[in-house]
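Each of the next two complexes has chain A plus one more chain, namely chain B in the first and chain C in the second.
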Partner chain A sequence: MSNEFNIKNIAKLASINLSEEEQNSLSNDLSIILEHVNALSDLKLDSQQQEIFIHPLEKELELQEDEVVESLTHDEAISNAPESKDGKFVVPPSME
Partner chain B sequence: MSLKPTIGIETHIELNTNTKMFCRCAVVDTDEPNISLCPTCIGLPGALPVPNKKAIEFITLLALSTGCEITSKGMFHRKNYFYPDLPKNYQISQFDLPVGLNGELEIVIGENNDYIQIERVHMEEDTGKSSHSGSGRIESATSTALDFNRSGVPLVEIVTKPVISSSKQAVAYIEELRQLSIDLNISEGRLEKGNLRFDANISVAPEDSTELGTKVEIKNMNSLRSLERAIDYEIQRQSKALEGGVEIVQETRHWDENKEITSTMRSKEGSADYRYFSDPDLPNMFLSDEFIKEVETLMPLLPKVQREELMTTGLSLSQSNILSKSDDWIKKLYVKVFDQTKDSVSSYNWITGELQGQMRKANIDVLPKWFNDNYLSEIIELIKSNKISFTSAKIILNEILTTETTPSKVAEQKNLFQENDSEKISEMINQIIKENQDIVDRIKSGEDKLVGFLVGQLMKQSNGSVNPGMAKELLLKELEG
Partner chain C sequence: MDASNLSIREINSLFTKKELKPSELYSKVFENAANSEAALHAHLTLFEEENIKKAADSDKRFSNGESASLLDGIPIAIKDNINIKNYKTTCSSKMLSNYTSPYDATVIEKLKEQNTLFTGKTNLDEFAMGSSTENSAFGLTKNPWNTDYVPGGSSGGSAASVGARSSIAALGSDTGGSIRQPASFCGLVGFKPTYGTVSRFGLVAFASSLDQIGPITKTVDDSRIIFSSISGEDSRDATSVINNQLDIPSDNSATIGVIKELMEDGISDEAKNEVNKVVEILKSKGYKVKEISIPIIKLSISIYYLIAPAECSANLARFDGVRYGLRVDGNTSYEMMENTRAEGFGAEVKRRILLGTYALSAGYYDEYYGKALQARKEMIDEFAKTFKDVDYLISPTTPTQAFKSGEKTSNPLEMYMSDLCTIPANLAGLPAISIPTGLSKDELPLGVQVMSKPLSDNSLLDFSEIIENEVQFDGQPKGWL
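This part shows the complex of A and B:
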């Protein structure tokens, strides 16, 4: 596992702005995390025996019927929005 | 340099379930924003997703109908990206264990068929809809407004292998997939409503190259027409670049419907950028043999099989293809009329040509209640037995579409039955000859064309009731004699 990463690219993907200082400190933190995770590669795993089907829950997935259940009203749904207009949530301009 | 294009298509089909994929909010078709929401589909903290059983049935049905291998042990993944129409900051999707793998779909172009290989069929959820205010141009918007009614609506994504070689094949593929989803009853299949949305991955490489060129993804094609034009434009753009020695950049381009060009949207994110990981909120999904068998019982007659059956009635592949992609009532009407007349060509021509043409002209969407399936057969039989002319048949059809009556009643009332009695016709011919002696003289002196004039006179005097073929034959005999 490589410890190399591009902090600027990660910030871009997360749509956040980082100062030089923040970039340095977060790079340090991330390096420590990656090193920690790298410990996994020391495990001797026999890929023949392990099922590559890892999930934290052993429970089987339950499905629900296709029947409508009323939930939030329009006013409730929008009540916490810092800004709204014509029934829509309004956020700063963002486009791909 | 001889170049060849290679195209792969990703299609999203919106399923016509009552409720959303991971919550029980109603799937709504309305302009009224944010009226069908709950904590799950607007990503409030603590809300947990539970998959919709019907949606899983539908995707399994689609995967089976395209001959996919079903992944009996599957799972959901989180696809992480940040955009306001995705309130959780990840989309629940499937990564390496999609519901279906390695299928194929038959397409038809004219009298030829071909198979498009399908790489995968996976389940995911739709995003909300964003609109940008300001001058109308996305670049100069001052704010973004969000409607989450669509957020969480079940979407099936079908990805083809890069095997499509032209815009025509791409269009035929989407047409087939659309019809399949309608016949499976898993989607309305309405392109204008966004029920089917597609992106195309296009690359161009030298004809003899074994490797594919750099692929460019085209988005925002919302009709078959724009799909065709966008692909043609992009193939041309890339070919020109390669011929001019310019390198193609891997990117996502946007189809501009008005300018009819593609333009750079963003450089393409790699799959690693989405940081897929299994969704800890959703346990593994097992599709049991029992479940699959149950879904198989829902399988309708697939378009491919419909075409094969229609061809046994004597229709060509292209005719069968057109019928297989027609509304259900048209398919049923054809089968009925063919059963009665055993005349595939007439049945096909009357239904897809005259009947649908007249209905369009008169703005009729559904056949009137009184319109008996036997009426078309009756009209076809009347023409074949020379009792009415083709022109009269059209008049009759028009009448029975707009008035509660029957073909024979109309023929009777409008005096459209052809006179096939040669004695009666001869009588009329003698009368015409008497009245047009000068014309007869000119015919006799070589002006053959004027025979048509006399037949016309005869048709006029008989109100079109004379069988014109018979009339001409008898007239010629009379003139010779």
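This part shows the complex of A and C:
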């Protein structure tokens, strides 16, 4: 496994603005953690079949009936918004 | 006898016989909180005023002989990552410091149906990421046994609250040991049920395939009562399962496995001694005990610290300053988002989001996340094989007693290693419990963990109660009552 990573790039992907100081300390932490998790690369698995699962008990995903059920009202759903107007979320422009 | 020291069944019996009123017990736990809160900081909010009327309603039900629930009038504290309608749910994060929940978590709905009295919201490591409750944006919680030490985490506030008798029991959440480790550090029972048996609807998600809500209590029976009240299939949680319990023997016809890999280097002699003590007791009662090797357990931390951060990076993408929580201004939406997340998340949360983002990023997905998923599946299969030979697996809950505040904060990996014994149960979805068994030479609690196959929670609790009765641990922190 490779441990080369570009902290600025990862922070961009994660949408977190990091200070210079944070970039250094987090880079250092991530290197130590990645070195530890590299132990996995030595693991010889019986099966190379990659099974993607979402449930440790192997529960099958079930589709729900398409029916109207009680849920939050519009006002409740928007009640925690930092900024809203006419029942809609307000955000800064997407482009400068 | 101080009623706040009693078990739920004992308290219910006093209520029923009209020898104690729910309102009296409710006042008592708040008296205890008043004595301990300044030193321990177990809670982020206390609810006393709001529930006095509800306590009086409980009084009336018992007075009229109308109460039908063991949890009626029982004061329970709730970890602050579980939503209670019209109360704040902060997850101990600056990001959610002003968030008021517009709905109840399923577990809260169920406890309300039982007429439980909530005492408050407890402190945690931010978004449940941590093992010491030192990562809270709102200050540390201290261990009620000795305030120089951490209470464990991430449900450290819940454990400190029950430890100091500021509540009779508490709910926590456990993603890699966050119920069992603080319970062990505070001399309490901590139970993580089988994945899917308790709905996660209304629990703020950290790592969805690992998170599970469960109780922190003084006794195994208290955990059983709460588990039976909060479990059940829920259509609002797609991973919820029908709680069809398997019956496995808990008497001495059961076979017990001691996990070799959790009795080796990295585990303190004191922690091993507790396991050996319990093993000797079980042998003397006629149980068959054998050593079991599950080599892949040694990779638990590596697997966990790829899967949990990967899921966390996806789950915490929702905190973008748009719909709820903190917003820090920016010239564009994207800048606003980056500034909000920079300001709103603490160091450990950023560390895990970045680690997860990296593990899921193009070019690295297969070698990190994909490999960890394969290894997790391998671990599940290994446990399944093991449970053909043994009924229960026993190990220390934690490699050592509680550590001192500040001792591990500068080294994240060292902090992560404190979850070595608890993480495997989350990866495999198993029910697991920590039972307090003794004290270290520093007079701090030590616990033993027992795991069993998925959906054998009730049998696990029965077996744990046998251990509890045999060990007779009756220690409690001093100076708070």
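Here is the rule we go by: the second predicted complex is superposed on the first by the 79 of 96 C-alpha atoms of A that agree within 3 Å, B and C clash if a C-alpha of one lies under 4 Å from a C-alpha of the other, contacts with A are read in each partner's own complex, and residues count from 1 in each chain.
Here, a residue touches a chain if its C-beta (ideal position, glycine included) is under 8 Å from a C-beta of that chain, and two chains touch if they have at least 3 such contacts.
As the structure is a computational prediction, the values presented were derived from the model and not from experiment.
Of the two partner chains placed by the overlay, chain B and chain C both lie in contact with A:77.
In the superposed model, A:15 lies in contact with both chain B and chain C. When both complexes are overlaid on chain A, the residue A:86 reaches chain B alone and has no touch with chain C.
After superposition on the shared chain, chain A has more residues touched by C, the comparison being chain B against chain C. Legend: residue contacts after superposition of the two complexes on their common chain; A:61 is shown touching both chain B and chain C.
Applying the stated touch rule to the two superposed structures, the overlap between the chain B and chain C interfaces on chain A comprises residues 13-15, 53-57, 59, 61-62, 64, 72, 77-78, 83, 89, 91-96.
Listing the residues of chain C that touch chain A in their complex gives 98-100, 102-103, 194-196, 209, 235, 238-239, 241, 296, 298-299, 301-303, 305-306, 313, 317, 320-327, 329-339, 341-342, 345, 347, 350-351, 353-355, 357-358, 361, 364, 367-368, 370-378, 380, 412-413, 416, 427-429, 454-455. Per the touch definition, chain A reaches chain C in the complex via residues 1-2, 5, 7, 10-11, 13-19, 22, 25-26, 29-30, 32-34, 36-41, 43, 45-48, 50-57, 59, 61-62, 64, 72, 76-83, 89, 91-96. Residues 17-19, 23-26, 32-35, 37-39, 42, 50-56, 73, 75, 81-84, 130-132, 134, 138-139, 141-148, 265-266, 269, 273, 278, 280, 282-286 of chain B are the ones touching chain A in the complex.
Every residue of chain A that touches chain B in the complex is listed here, in rising order: 9, 13-15, 53-69, 71-72, 74, 77-78, 83, 85-96.
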